[in-house]
Amino acid sequence: MDGKKPLLSVRGLEVSYGAIKALLGVDLDVYEGEIVSVIGANGAGKSTLMNAIMGDVARQAGEVSLDGKPLSSKSFQVVHQGVSLSPEGRKVFAPLTVEENLMMGAFPRQDRLEIHRTLAHVFELFPRLEERRQQYAGTLSGGEQQMLAIGRALMSTPRVLLLDEPSLGLAPIVIKDIFKELKTINEGGMTILLVEQNARQALMLSHRAYVLQTGRVIMEGPSKELLANPEVEAAYLGTGHH
Amino acid sequence: EETVKIGYLAALTGDWAAYGQTEKNTAQLAVDEINAKGGIDGRKVELVVYDFRGRQEDAVNAVRRLLEEDKVSAIVGANASGINIATAALVNRAEVPQIGTVSTNPMVTVDRKGKVRPYSFRICFTDPYQGKLIAWFAAKELGKTKAAVLYDIASDYAQGLREFFIKSFEEYGGETVADEAFKGAQDVDFRAQLTKIREAGADVLVLPNMGKEMALIMKQARELGMDDLVFVGGDGYAEFMWEIAGKSMENSYWINHVSPSDPNMAKFFEDYEAKYNDECKEFVNGILGYDAMYWLFDAIDRADSTDSVKIAQALADTKDLQLHHATITMDEFHNPLNKDGIVLIAKDGKGQFFKKIKPE
Amino acid sequence: MATLIQQIINGLSLGSIYALIAVGYSLVYSILMFSNFAHGGFLIIGGYLCYFALNSAGFNIWVAGFGALIGAGFAAVATERLTYKPIRERTSVTLYLLIASMGMNIVIENIFVIVAGGRFRALPPVIPTTPVHLFGNATTSALDLISLVTAFVFLGGLQLFLTKTKWGLAIRAAACDLRVAGLMGVNTSKLISIVFFVAGLLAAVGGIFLSVRYTLYPQLGMITIKAFVAAVIGGLGSLPGAVVGSLILGLSEMLTAGFLSSQLRDLVVFSLLVITLIVRPTGLFGKDVKEKV
Amino acid sequence: MSAYAEGIFILLLINAIAAMGVSLLTGFTGIFTLGHAAYLALGSYTTAILTLDYGIAWLPAVLAGGIVAMVVGYLIGLPTLKLMGDYYAIASIGLAESIRLILENWQSLTNGARGLAGIDTFTTLPVALSFFIVMAIVAFCLINGRFGRSLKACRDDHVAAALLGFDVAKIRVASLSISALYCGLAGGLYAGFISFIQPMMFDMLKSTEMTAVVVFGGLGSMSGCILGTTVITMVTELFRPISQYRMLIYGLVLVLVMVLRPEGMMGQHEIGGLLKRLFRRGGDRS
Amino acid sequence: MTAILELDNLNKFFGGVHAVRDVSFSLEKGELAGLIGPNGAGKTTIFNLITGVYPLDSGHIVSNGKEINGLRTCDAVGLGIARTFQNLRLFKGSTVLENVMTAGQRHHRYSFLEAATHLGRWKKTEKTIRDEAMEYLEKVNLAKDADRMAGTLPYGHQRRLEIARALALRPELLLLDEPAAGMNPEEVQALNGLIVGIHKEFDLTILVIEHHMELVMEICPHVVCLNFGAVIAEGPPEEIQGNPEVLKAYLGEEVE
């Protein structure tokens, strides 16, 4: 990757919530076409990182840029710049229907026809959503809402897709499908930054990975190496049942 | 040299702000006039005005402040019975006289047992007296027999006037065919009540209310095609009503303390306009406030002292005192004795003097 | 019978004025989920702007009216930017917004007390108030018919906008979660400004109608309480609800005053409110999306 | 103390008692009311009528006022407290206006809009102060303990609270009743302070003021609501000489506090807690 | 052994959605059972039916031999039932400790008079409630956060707080809705230990909904699998893991 410019680059990012410092100078690069995963324990600051990239929480220090250009500090502009997020905890629009939620995802886009193509694609990915098209999102089951959140982020066809724990609350079979699908989407040209608790699967999917601990990057490298790293194994992968 | 401190309780904010501000202006006018003449017997007058927002607890504190901090010799205001009643205990304990401007409730000057409160006075009519005046006028002068009343249920003034009007009107042989209410601060639409009054076949509609409501009622009644109905109001007449109700006001009557076309008042209106660059539209409050000040000046003069007890005594002893709008004599209950009712008529776009009445 | 018809006409006419106010209030509620008590303030801003433009500046009604609408719209946007926005950005508790809006209402009211005096003023009859005879004996005024039509036109337009356009969808999404709407690429500040502009504009329309129909004074905003009650009966945040609620309220006020007792008019109105809410806790048209547990 | 200062102080204590009642309901139970002046009215009318017409001594009359307010609060709460958020707030406006209308219409008992005059001015400083101290102690005790926790639970999440075994409806009604009791007692004292009461004293402006004070001080903080009362009373009193601008300033203060410190002056904290923290920090340094 | 909970032909509709269809199974006292199934299969809904959050459309729920259909939510805990929530439902305006105390206080009484004056039993009882709450916090390893506001804890910790709060109710039957969601495998391991630990220590019957198979398969000797609202398999984990229907609907066919 040397010599190539990163697509998304984070430099010295600091964020705090009142007295609690959540990020203490994080550097991170995502190159075009990559899947990069971020792993770390509860409270390490992963979600904060994602939200700070989006401009959804205030960045106290540091820079975030896309393709060399600084990313706005306002979340709606960040979306227009080509980054979208499937937030932790789903955050679907409860009183809107499934379809309206998805159409909201396509808000920055103008191309009607293309939007419907993307919609069809999302429905293909999550047939359950198509069945529930007219149901209020708030009454979906937890997993269904998660699917909706991912689908909604996809609807803006971003250059960089940020996923905060996409597998949260999903059935194993769906997780498998989603990871497979993420790979396909990625191969289709979308760059993905993934936060996962399911570290093993995330590492197996991604090209490179960062390990976050109490607001700092403590390790980074190709996913395969991290997967083999005994420290990482001990701290984040668990013994699993495989 | 000695100055006389007079407190003034005015509603400068809240629902009665329009009236309070006018009173404040006229009181100041009176003070400026007397000071220009060298004061009362050489004593300069100092006016301390406090707002009470139209609320009792505010008024109580304002009066406490006037009594304790400013140590005034007398207080003029407020323009509402409720406020005067609430502050009566304070001024009577402190032995400082207080003059209500348009506070018509009998309880302003007498307590529950009917005993006069030594330091409470008023310059206006009382409800029973004014109710009687209105009834007299409607029954005897206009010859009406079927009266309707539309009053503000949230207003003590309106409730009082209504009650005494109905009582007297029936004594004069009339019948009250409709007795309808509305809620003052909120209601602006009276068509339901008016429709009902139309059904009841009333020939006179008595409006014991404030200007805004009277104007709205008149306007809406005419809009409903009630062209023959005669309106009779109390002392709530104000010039601004013409802006609201316009032609609908024509040929209506008010039983008032004073007429705006009274030649004795011409100078007052001129001076007011010159000083404040504004017409004195809420003139009833304005003039009563103004004359209450002059009454007080006279009392201070007679008492020849700034001592509040002596001033109170002088106020109580007032006899045939020629003020601008009337000549007043205090009765034993500190009410002006048999004050003339000035009937106003709305004619040609303004309120004009119609006649003086005094019921038998 | 004639009386009944007359009272019904009276009620509809009162209701249509409530509706103009209730719709704007409901619109703001639907997006920020709080009762904007400053709505009454916007209303008097509209009324006074129109009054001064007509009387002091000598504009004709169209210019004055237009100016008042725009002015009130901007005043609403300014209120939002200066007071609600900083609060919104700090906390999600809508109660704080509500208190701030009450504060703003007091501020606006008293600015006019100071600037214009507490006096009652009447707008010249720029909107015709000539009596119109309906069904023989019953009378109404041209203004009532105009206000009824205006209420429906504004409502219809808004309803179409909300359900049929992308920005309408964005408004509904923002109503549910502002931050996430931002994450969808919606410029929520702009969106909210638009909403407040429209609300201010509607309030000004109501203000002008009220000033012409009744009178103009700093406390005129009080009437918004009844409009709020109407909106709540109809279901908060629902625009058709706001209109239906307003008409019901207007009718029941007039019928009570006309056939039961004018003394108890408001008692009946408020009982209606409470009973409606006891039967349907979210009003007639309020969406009752049970939160999923 | 001058009688003027004393008057303000008494009023402040009375307002603070009412504010504690509102705080219990709005701050701790999360039910937003815009109609609590009604309970003040019930308390003061009961007290006035009992002392004037039935010659009952003031103390039992004030207590009876509190109890009447509490019973009415309970009866009102039963059907209406399932309403949420602004629905209850607007309904509470309606309920309060209805109570006021009844007071205005029930001439034989209440003398209508003309009010009841000549009430004994029994609310002296010692009386107001003793009531305040007792009521404040009870309020602080109640919120620090099981009752306070169950209120907060119902406020934060009614489903979870129900699953912890709390009968949410009952707790809300209990909270309203106690809050009405506070306001009723304050009302009785108020009658004994002003000596004259009229229905229009208990209008919506009064209700909103009562709630504003609580939010101003900090939702979920008892000391906050007392502080809030003090500041608001002082602000309105201090600016009396520039009277025209007084209400403008009052409104601005309200807006500014919400903008600069939306959580109110005290946030959720109590004075005691803050002092303790300050003390602890001081201790660390030494 | 007696059944602590028996579900008999439960049905629940949401409009057109048949969320729970003819579900029957029962839990023996002291069991640790798993409830699995694809997203939207109706697992959470079953919890909601048991705890009275939603009314039942048909069927019977029997707890300790007593039918509890139409139970009011607030009475569930009286029958010894406690639960956690898939979408966290903590008291965000209270501290971590208060959250647990709020649950624990039901076991300790003092009169209203004592509450209003802090006299009599108040002090001692409050201390007991607090100490007990701290013990539960220690159990879930949150004691150090006792004075933080509950809403500011990281997601994973909030889940554990919910467990502590449920435990403080001293239930017989504990329903856990995806307790491991948002945890990494290491933490899931720790949670495994926690659940097994409390199961033993408090002599609980536990029904746990989970999508982390390593958890369910390791600790639950009894697993029920739902699909489209209906039970498609029930049995010990090995059996479930091999069940072709479960594989197809839930686990995915090929296991790497």
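Structural remarks
By written order: A, B, C, D and E. Residues from 1 in each chain.
One rule holds in what follows: a contact is a pair of C-beta atoms (placed from the backbone, for glycine too) under 8 Å apart; a residue touches a chain by one contact, two chains touch by 3 or more.
These numbers were taken from a predicted model, which means no experiment stands behind them.
Shared contact partners of chain B and chain D, listed by label, are C.
Among the remaining chains, those touching chain C and also chain E are A, D.
The chain with its Cα centre farthest from the Cα centre of chain A is B.
Should one ask which of A-E and A-C has more C-beta pairs in contact, the pair is A-E.
Among the other chains, the CA centroid farthest from that of chain E is the one of B. Each chain gets one centre point, the mean of its Cα atoms, and the points for chain C and chain D are 30 Å apart. In whole angstrom, the spacing between the mean C-alpha positions of chain B and chain E is 72. Centroids built from CA atoms put chain E at 40 Å from chain D.
Residues of chain C in contact with at least two other chains: 110, 113, 225, 263, 266, 291-293. Within chain A, contacts with two or more other chains are made by residues 139-140. Chain contacts: chain B has residues 13-14, 21, 153, 183, 185 touching two or more partner chains. By the touch criterion stated above, chain A contacts chain C in their complex at residues 54, 56, 74-77, 79-80, 84-85, 87, 91, 93-96, 100-101, 103-105, 107-108, 136, 138-140, 152, 156. Across the interface of their complex, chain B is touched by residues 3, 6-7, 10-11, 13-14, 110, 113, 117-122, 125, 129, 131, 139, 141, 210, 213-215, 217-220, 222-223, 225-226, 253-258, 262-263, 265-266 of chain C. The touching residues of chain D, when paired with chain E in their complex, are 137-138, 141-142, 144-147, 149-150, 152-153, 155-157, 159-168, 220, 268. Interface residues of chain B facing chain D in the complex, by the touch rule stated above, are 10, 12-14, 21, 49-51, 53, 55-58, 60-62, 64-65, 67-69, 81-82, 85-86, 88-89, 105, 107, 111-112, 152-156, 158-160, 183, 185. By the touch criterion stated above, chain B contacts chain C in their complex at residues 13-21, 153, 180-183, 185-189, 191-193, 195-196, 199, 211-212, 215-216, 223-225, 240, 243-246, 281-282.
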